[in-house]
Each structure stands twice: as C-alpha cells, then as structure tokens.
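Read from first to last, the chains carry the letters A, B and C; within each, the first residue is number 1.
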Amino acid sequence: MSIRRQFTRCSRSASTNVRVSLPAVCFVWQIAMIVLFGVFIRYNEEADTHWQEFRRENNISSDIENDFYFRYPSFQDVHVMIFVGFGFLMTFLKRYSFGAVGFNFLVAAFGIQWALLMQGWFHTLDPATGKILIGVENLINADFCVAGCLIAYGALLGKVSPVQLLVLTLFGVTLFAVEEYIILDLLHARDAGGSMVIHAFGGYYGLAISWVLYRPNLNLSKRLNGSVYHSDVFAMIGTLFLWMFWPSFNSAITDHGDGQHRAAINTYLALASSVLTAVGISSVTQKKGKLDMVHIQNATLAGGVAMGTAAEFMITPYGSLIVGFCCGIISTFGYVFVTPLLEKYLKLQDTCGVHNLHAVPGMLGGFIGAIVAASATEEVYSREGLINTFDFEGDFADRTVGTQGGFQAAACCVAIAFGIVGGGCVGLVLKIPIWGDPADDNCYDDEAYWEVPEDDESIPPILEYNNHMIHKLPDL
Amino acid sequence: MSIRRQFTRCSRSASTNVRVSLPAVCFVWQIAMIVLFGVFIRYNEEADTHWQEFRRENNISSDIENDFYFRYPSFQDVHVMIFVGFGFLMTFLKRYSFGAVGFNFLVAAFGIQWALLMQGWFHTLDPATGKILIGVENLINADFCVAGCLIAYGALLGKVSPVQLLVLTLFGVTLFAVEEYIILDLLHARDAGGSMVIHAFGGYYGLAISWVLYRPNLNLSKRLNGSVYHSDVFAMIGTLFLWMFWPSFNSAITDHGDGQHRAAINTYLALASSVLTAVGISSVTQKKGKLDMVHIQNATLAGGVAMGTAAEFMITPYGSLIVGFCCGIISTFGYVFVTPLLEKYLKLQDTCGVHNLHAVPGMLGGFIGAIVAASATEEVYSREGLINTFDFEGDFADRTVGTQGGFQAAACCVAIAFGIVGGGCVGLVLKIPIWGDPADDNCYDDEAYWEVPEDDESIPPILEYNNHMIHKLPDL
Amino acid sequence: MSIRRQFTRCSRSASTNVRVSLPAVCFVWQIAMIVLFGVFIRYNEEADTHWQEFRRENNISSDIENDFYFRYPSFQDVHVMIFVGFGFLMTFLKRYSFGAVGFNFLVAAFGIQWALLMQGWFHTLDPATGKILIGVENLINADFCVAGCLIAYGALLGKVSPVQLLVLTLFGVTLFAVEEYIILDLLHARDAGGSMVIHAFGGYYGLAISWVLYRPNLNLSKRLNGSVYHSDVFAMIGTLFLWMFWPSFNSAITDHGDGQHRAAINTYLALASSVLTAVGISSVTQKKGKLDMVHIQNATLAGGVAMGTAAEFMITPYGSLIVGFCCGIISTFGYVFVTPLLEKYLKLQDTCGVHNLHAVPGMLGGFIGAIVAASATEEVYSREGLINTFDFEGDFADRTVGTQGGFQAAACCVAIAFGIVGGGCVGLVLKIPIWGDPADDNCYDDEAYWEVPEDDESIPPILEYNNHMIHKLPDL
C-alpha cells in the first residue's frame, strides 16, 4: 500500500494538490459570507425578541402559531435529506465514500449560506431597510437551493476536485436564485417541491458541466468505477433517508394546513408506487431476474422527484400512484439503456445517473404539474381552495387555470434552459486547468484528496499470532 | 469469485429465477392498487382544499389544529422505523444485507398501499359515498400494518424469495385488517402501539409460516448464517433507530395532548430499562462475560414492544421501568435458550429470533395492558380521564374497567390465534414450489436474487504497485 | 484468527472478565431506579389524564398547546444525537465499533434514568408532595445530562471497561445535576444548549479522568488505535446526525416561539461556518492538501458546541457565522497540534480529542455567551424581550445585563472546575483495580468485551470454488 501511495504522490503531485486553493477558497468565501451577512441578514419577526409584540399586534393567540412549529419538523427532515440522503447515496463507489459524503458536506455547508443571501436578495429583501429577514422557511429554501448543486455533483462524482465543486456551487446557487425568481415570481408558477426549480435545473446543470468536462480516457479509472458489497449498503442509507423524508421535502414550504397535509400524502403514495415498478423493471432487464442495486438505490426515488410540482395540487391519491408508477419505469429504463447510450453517443459521463433520477423525472414532474394545474376545476377545489392553492391573488387574481398550466409548462422550459446554458458556461470555467482535478487514471479515488487509512488487511498477519513481536515493529 | 458465481448460476438456475414472477407480481399488483385507489380513496377533510371551509364550520381557530401538526413528526419517526429500523436490523447476516434492506423496502412499499385499502374498508369507509377518506393518521396505520409483515419476514430472513414475501404481505395485511377490526372495533380493546395487533400477530404469523416451511437441511447454508464485523455495525443502525423512535411509535395514534405525551414517556422509560437487563443477561450467560451483539441488537427493544398496549394508560413511570426490566430479561433468555430449543424440538427456524423480540413480548404486552386496564381507578384517572383513555363512549359508555381488562385479554388471544392460524395457511400457500425460493444450500445468500459486486479484494494486487499495467488488463 | 483469540484469552483472562461485575451493576442499579422512581416520579399535569381539567382551569384553548407539541420534534432529534450521533461518531476505530456504539447505548440508557431523578431532585421536586413531575422537557434534560458523560467517554474510548463507564456515569450525572443547579438556579445563568453545563463540564470531566488513568505503555495497543476505510464512513453517520440536529439540541429547551426559532437559526449558521474553516485548516496543515477524516468528523461540529449558550440570544446571524468560523479553526488546530502536545507533555491520552471538540469550544461558548449577554441592549431586544430572554423575573428582576454577563462567566468557571475536580476524584475511584479494564496491550479491541464474529475472509477460500466440499467441512 505504501508503495502505491508513494507512486501516486509522485506522478500526480501537480494535479490534485489543493493545499493552497482549497483553504484559500474556504477562508475567503467564508469571510465574504460573514461580511455580507453583517450587511444584509437579520432575524425576521418570528425569530426576533420582538415576537411577543408582533403577536399582540397581529392577534396571534399562541406561540404555537409561530411558523417555526409549522415547518421545523419538515425542515429537519429536509436537512437530513441534504446531508445524509445525498451524501450517503453517493457512497456507493468502492473507494470514493470519503469524497461522496465529505465533499457533499462541504458543498452544502457553503451553499446554504450563499443561498440565504442570493434567495434573500431576490425574494425577501425589505426595500425600506435593505435587509433580508430570515426565519425557518428561509433555511428550508436554502437547503432546497443547495440540493440543485448536489444533484449536479452526482453527475460529476469522482471526476472533480473540491475546489471545482465549490465553484460549481457558487455559480449554481446564483443561477438557481435567478431561475427561481423568474419561475416563482415572474411566471407565478407553483413548484413547492421543486420538480422544475431543483431537479430539472440541477440535473441538466450537472449534465451540461459533465458534457463540457468530457474525459475520453476515463476508462483508465474503470477499476474504481463500481461498488463493493458494503459500499452498496452504505448507499442504501442515503436512499432510504431520501425516500422516507421526501414527503417532508415536497410539503415543507406548501400552505399551512391542507397544503402540507396533501403534499405529504401524495408524495408518500408516488414513492411507494415507484418502488414496485423500479423493482419490476430491474428484475426483468437483468439476467435471471436478479435485482441491480443501482436501480433500487435510485429509481425508487423517481416518484418523489416527479411529484415536486403537483404534490400540493388535488392530483388525487390514484393520480399520485400513476405518477410514481410511470416514473419508476422510466427511471429504471434510463439506468439500463439510456445512460450507456448517452455516454457512447453524446459523450456524457454521468456517474450517478442524475439524468434518470433528476433531469428526466424533474422535467416530467414540471409538465405533470402543468397538466394538473390546467385541469383544476372549482368543483374539485372550491373557489377558495383554487385561490389558495394557486395563489390567484394580487396581480394574478384574474388568472385562469388554463393560463396557469401554460405558465407552469413555460417555467419547466426555463428551468431546463438555465440548467443547460448555465451548466455549459460553468463547465467552461471548470475546464481551466487550475482547479486541481484528478487525471483520467486517478478518478473515483479518495487517495487524491484524503488521507486514507491503511486497510485492515495490511496489519502484518504475524501480529495476529504473536503479540510479543509488536513491540519491536515500527509504528504502523 | 467468478468461478463460484458461475457455479452458483448453473446449479440453481431453475430455483431462484424470478425474472417472470417478480415483475409480473409487481406490475399486476401495482396496477390493481391504482384501480382500487381510483375507485375508493380520496383525501379527508383535513387534507382537502375544502379545509378552510371545514375550519370555519367546525370553529377550528388555527391551521395548526390540523391533525397533520399533531401527528406528522410521529409519522416520520414511524416511517424511519419501518424502512431503516426494520431494514437495517436485518442486515446482520454476512451476505444478506441487500436482501434484508432491499426486500424490506419492497414489501413495505407494497404493503402500505394495500393497508390503506384494507384498513380503509374496515375502519373508515364512508357508507354514504363509498369512499375511504385518508389523512396522516391513515398513513401511520398503514405503516403499522406493514410492521406486522416485516416482523414475519424476520423469521424467514434468507430463506424465501421476494415473490413469497409479497404474497406473505398480501395475506398478512388482509389478516391484520380483520384482526384489527375485531380487536379495536368489536372488542373495543385499546392497543395504540400494537403489542397485540402488530407484534403478537406479526411474530406468530412469521413463526407459523416458518414452521410450515421447515427446511431439514438448512445447515447446508450454515456458513452464511452469521454476521461479520461490519454487518453487525450496520444492524446497530436499525436497532438504534427502532429504539430511539419507539416512543413515537407507541404514541403516534394515541389521544391528542396527554395521551401522546404519556405514551412517549412510558415507552422511553421501558426501553431504557430493557437495555440494562439485556446487557446484564447477555453478559452473565456468555463465557467470560462477553456481550453478544444479537442480544444488544434485539433484546434491548423488548420494552418498547411490551409497552405497545399500556403506554397510553396510567401505568406510572416505575411501572414502565418494571415492564422493560422483565422483558429485557425474558427476551435475552429467549435468544440464549429458547430459540435453540424451538429449532431442535419444534422444528422452528427463526432467523432473527422474532419469537423473543416480538411474539412473546407482544403477548406479554397484551396481558400487561389487560391488567393495567382492569386496575384503573377513577381516583387515578379522574372520571373524564377514564372515559378519554378507554374511550368509554357510545355503545361502550357503560363498560367498567374490569370488563375492559377482560376484553383486552381476549383481544390478545385473538391476535395470537390470527397469527398462528393465518400463518399456517399462508405457509401452505408459500410451500407450493412455484415461488422461486432458494435451495437449502443457497439460503442467506444475496447471490440468489441480486447482482452482487465483486469484492474489493478481487482487484489484482499488481494494480496497487504499477499503474501502467492497468491499461493492458481487461475490464474488471 | 483463532490462535490470536486463544492467546488473548489466556493472557488476559483475569483482567477483562466482567461476568460478575457487569450483570451485578446492571441489575442492582436498575432495581434501584425502579424503587426510586416508585417513590419519587410521577407524570406532570401535561402528561397526566387530568390534562383536560388542567386545560380548562388554565384557559388553554387547544391540545396543541401541550408542551409535547412544542418540544417533541426537538426531543427526538436530541435523542438521535445521543444514541446514533455520539455512538457512531466513536465507531471510527478499526476494531472498537461494537464498544463505541454498544457501550454508548448502555451508558445512555442508564444515565437518562438516573438523570431524571438527580435533575428532578434539584430542579422540579414538588415540596408539597415530595414528587418529581416529569414531562417531555425532563426527557430532553435527561438526554442533555447524559451527553456530558458520553463526551467524557470519548476521552476514554477503548481504554475502560463497561463497568467503569457505568461508574463514570453514576458520578457524572450526579456532578452534572449539582453544577447545573449552581449555574442555572443559583447563578441564574442562561445555558440552553449547554456550552458550559454539558460540553465544558463533560470535556474536562473526561480529560481529568483520562489524566488520572494515564497508561504509559498504551503504545502497545497502537496497532488498533486508528481507523479503516469503512469505520471512517460509519463515523460520518455520527458526525452528520450530530451536525444536522444540533439546531434542535440548542433550541430544545429555549423559550417557546422566538427563542426556539432564533436558537435554531443561529446554530445552523455557526455549524455551516465551522465546516468551511475546518476543511480549510485540515487541508493547509496536511501534506499535499489532503483532508484528514478526523478533522471532518469532529471539528465541523465545533460551531454547534460554541453556540450552546449564546444561541438563544440576539447574537445576530453574522455573529453566529463568526463564532463558527473561529471555533472551526481552533478545533482543527487542536487536533493537529494540541492533542499530540497534551499527550507528550501532560500525559493526557484523549482518544477522540474531546479537548478540541468539547472542552475548549464549550469553554469558549461560555465566555461568548457572557460577552453577548453583557452587551445586550433594550434597543435590540425590547424591554420585554430582554426580560424573556434572560428571565429577569422574581428575585432577578433587577439584574442588569452587565451583571448577567459576569454571572455567565462565573458559571463557565464553575462548569470547568466541576469537570476537573470531579473528574480527578472519579478517576481515582476508577483506578482501583477491580473494574475489569483492559491491559495496555489490549486496548481499542472489541475482543475484550464482545463476542466478535469471525471475519468474512476467514471462510476458507476453497468454499468459494467448490460447493460440494462445504458439506464435509466442520461448522465455521
């Protein structure tokens, strides 16, 4: 092992050394965050010590009506999805688990800060004071924003340096905030669980970057582009926490009361349905009907992605099941057939298959949302329910459901366009050879950026049989 | 490795090939779910867009009084128990972690859909419209219902095919809904955490199936019926999430306010007490006082199982400790002494020891509930508290606590009878040689139903020392 | 393997046999808990069946205002931190994962019971009835109290027996309750997230014990004092659950409404900031900029520790970022430079580096809290907000913020003094050679206290190629 490590050190020293760039980026950006937070960010009235006065002024009868109690449990579930869900889902590679869970952690920790600022400037900047007032809903939105960048990381897993990931996140969060502003505010589309804003954008953003960063000789690292038994079990931790908490993800920022309640039910059902079709397709496309862990780890989640827009609508329970049914099939087929074709013909290397789990189901989710919105009726929703659900108030009081459906569809196109164009540009930036990315024969390997412990097996076996010898051996 | 795999493929090809049956069952049943949901299932008034009208009509002062906010945090905890708790608890086998966590996932995802229908028909079918109206409480109940089948899976772990598990779940959920109807509605017994309805039923259901499916030559697979170091650590993830969230399990559907509060406290205490006695017995029954991971992974949970019925009663904090104390002892003794005897004399092969963790503590929990109910007094509960706790209203307004205790005991017998008789019948169905179950020398092995990755160790060691050689080697 | 095991058994048989002491302690103490609970502990009015009467008497309009709904989601998050967070964080050693997660489980399960009693006697004993009335807030406080002992375990990991850990917990919880009473009640300091009460106390308590138990020949066990690849991934489960749920930890027992809301936001921000500086320092201090898992697993959490006191104050969002920024740096530097020096010059063996994660950041957190309290103004807090936040009521109605700052600083010194002096005394108790602790060349090894399964690799390779041979081989 030590020989290999020395060898690695010699031949790659120039490429993956981030001893200057990584600390520099971490420190400079973190200091910038502190300065910008100092200038712009304050607590909102529900997190400020003036809350008791605010309560009296607004006739709020109890502390329990603080938004904290409506949203905090969902926030924590979303938080788990971002850090454990996405992080562990990517640990499936045999020697990239540190990078998967560690860089996911780094990227998300930076991204949530930058997202609070970017989303604040676009959505909640108080024009009178010039301050952004934050509360629990902003924390959820920051987590959502980061999810887009983590999805993009999935396409690039094992092929980029942590500095590149931070750059990807800086631009990704910025693009996210702009497209979110266009979609939610200008187009007035609804997208509570982010099929379009998060998944379609994040998926295409990652794919476009990966396309620009195409590595023709990536098969030199093929020995490490696969799983081992226990790394697949680790990845199931990620899968399950994503799957279980997706109802919280899609309902976290929907309307109080029936909105949150309905979004959770719909997502729960779509996810259950996805599992069965993912298993079915996985079995039927493999020799002897054996299941492939890749499909179980990923395609089972497609129903949650695809319900991101429509979960808060009256899509009906069986409608949710149908969405999950179809997306489980499409996603699994994507892993079996489309990913190899994309790599062969489009030169698109997509480590985690985000095309099949996020890009396509996200896009479908956007269009499903458009159809469900366009077919909404006062009979089903009630007049008041229609207004609440689609927020037909203020400037949008006269909008019809048909128009809303059109804007939803347009919003989905905006998300995809932002992902592809933005990803292309960011890919060009990341192609500059200054970021310390690994060589083609050094991908998917934690050795590049981590102090990796010696393997258990490397304990000289003699130690096992003769404890007296230990004292004379040099330190391991 | 590859030779072994080829060999396995040759000799077992007929038996474990589920390439037709598994996809067929997944697709047909999922389509059936969609159709039945289309006919029967709608949102209830708290998840429907008419919620605002419902609020006004019922003088509900705030959105926070939507049942979602009373139950959703508990629901998510229960959800984690079902998918991560049960799934990872069963990953302890050295080569069956994929099957443990993956089939658990499949079974639960199907089961919750079928449970929503079955429980809906029996409990919440609106006679006027013929619809089942669902909300968050139904989702919790569906998770509960599935728990019964997952417990049964524990007895069969490694010995059945995924198709058999789906059949087991189809019948298990059906039986569950019927026994639950008899116990909760006809006998009017209380069983909020399901000592009887879930654990006693599920445990005996699994044991009865396992008894019918007895494999005389199972010791041919003995090499795989054990753990390795890291698989035991994975299993602790399951144990701990079950242990931590059990207070949510037992309180999830109890009365708003004091009911949920008290059930959580009682369960928390019983579980803490179980840990100490499980550790004590584990140490005293092993050579040199060493602890056995099997006991720590399982018997520590016995207090939670046994508090399923009585948690919402005024069992008192020390009463809860006593329950945990006794059940920790009984469960650990079960693992040490009873399971080997059951296998030897009753021909009962119980992979996870559900007899000791679910069947017996569940049965005890039912009788503890009966005793606590029978000894309830107006002095302790207050008149109003007694009525609320035991729901002495409507047809049951005149019931005394003594009578209630009798019905509780009868309910426990019903649950056990349903488990044993139902499990016997389902076992006969599963014995039909069409389900693709593994041969006796092929049990506890993920190779049968999963594409298992090559081991890390199979990377030719030469690669470690000479990177140039990689290019000339064939793809791994 | 078997030879090694036999050897181990022969030479250490006397020392680590806990077959009498461990069960004795478990049973006697658990029985004592039952008796003491029987005498002292009852449900409080929010968990009792008299809740409906209590509601009417106190004009509480809805069940949702039961404290259960304010605190239960936070309680469950804290519970996960205690059992999975601390437990898995310590699994990083290659052969001590069972001990890490298993003894953590045992200690916490005993500790929470003893803490309910000790904290009850000091804080909530009803003088009229002599009873301790418990509810969800007491459960959270019990978990907090145990956290102090688990932190101390971190310094001793791999070097003590389970019996010693239980003794450590018995005394630790007692000391905790006393120092907590002095700090919160007598000094009237605020410390909602326990920077002082939990982390500074627990850290110095563990360090003092470790100092007394110094093992000059501990390098005989050096071969096991390190991680392997997958044990580091397991440890990240602990890290992430601690990191994600720390906002719940620091807000769990703060004031309803804005208090909980603000504490969660501040902690979330400080933690994010810690991650970036921990990564930066880790990279810059290692050869070639490679990250060290030890730093990522631990120093990323320093921001949460340091916000334990000030999280509920108006420290401002950028103030929180600054705290996290500084503590991430200090903690990582501690791992790189201070821990080796402490071992070399102070003879202080600190397995998990609790000095850098808990003792120092906790102490800093205490002083940060003092400064923030002293600089509070009516302009920022509002008069009412100041009274609510610092609880300037009753005997303390006339206290100024300056005085409060002084008492906060004094409180921090009390916590440290209790840790050091208490730990010194408990260390002397644990030095008595009756507790079954391992010999110097037998530390960090699960073999001492656990039935450890044979390794996967120990399956004779011939089995892999010829299934027929299995039948003739003896049982593994």
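The criterion applied here is as follows: contacts are C-beta pairs under 8 Å (C-beta built on N, C-alpha and C of every residue); 3 or more make two chains touch, one makes a residue touch a chain.
As the structure is a computational prediction, the values presented were derived from the model and not from experiment.
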*How would you label the chain B and chain C contact, same or different, if same means the shared numbers make up over half of all numbers there?*
different
*asked:* Quick check: superposing chain A onto chain C on C-alpha atoms, how many degrees is the rotation, to the nearest 5?
replied: 120
*Quick one: chain B and chain C, Cα centre-to-centre, how many Å?*
31
*Mind pulling the chain C residues that touch 2 or more other chains?*
61-62, 64, 69, 73, 230, 237, 457
_Interfacial residue positions of chain B with respect to chain A in the complex_ = 9, 13, 16-23, 26-27, 29-31, 33-35, 37-38, 41-43, 46-53, 55, 61-64, 66-69, 72-73, 76, 79-80, 83-84, 87-88, 91, 95, 97-98, 101-102, 105-106, 109-110, 112-113, 134-136, 139, 162, 230, 234, 237, 436, 449-457, 459, 463-467, 470-471, 475-476
*Enumerate the contact residues on chain A facing chain B in the complex.*
1, 3-4, 7-8, 11, 61-62, 64-65, 69-70, 73-74, 77, 94, 219-220, 222-223, 226-230, 232-233, 236-237, 240-241, 243-245, 247-248, 256-258, 260-262, 264-265, 268-269, 271-273, 275-277, 279-281, 283-284, 286, 288-293, 296, 300, 314, 316-318, 321-322, 325, 380-382, 384-386, 388-389, 441, 457
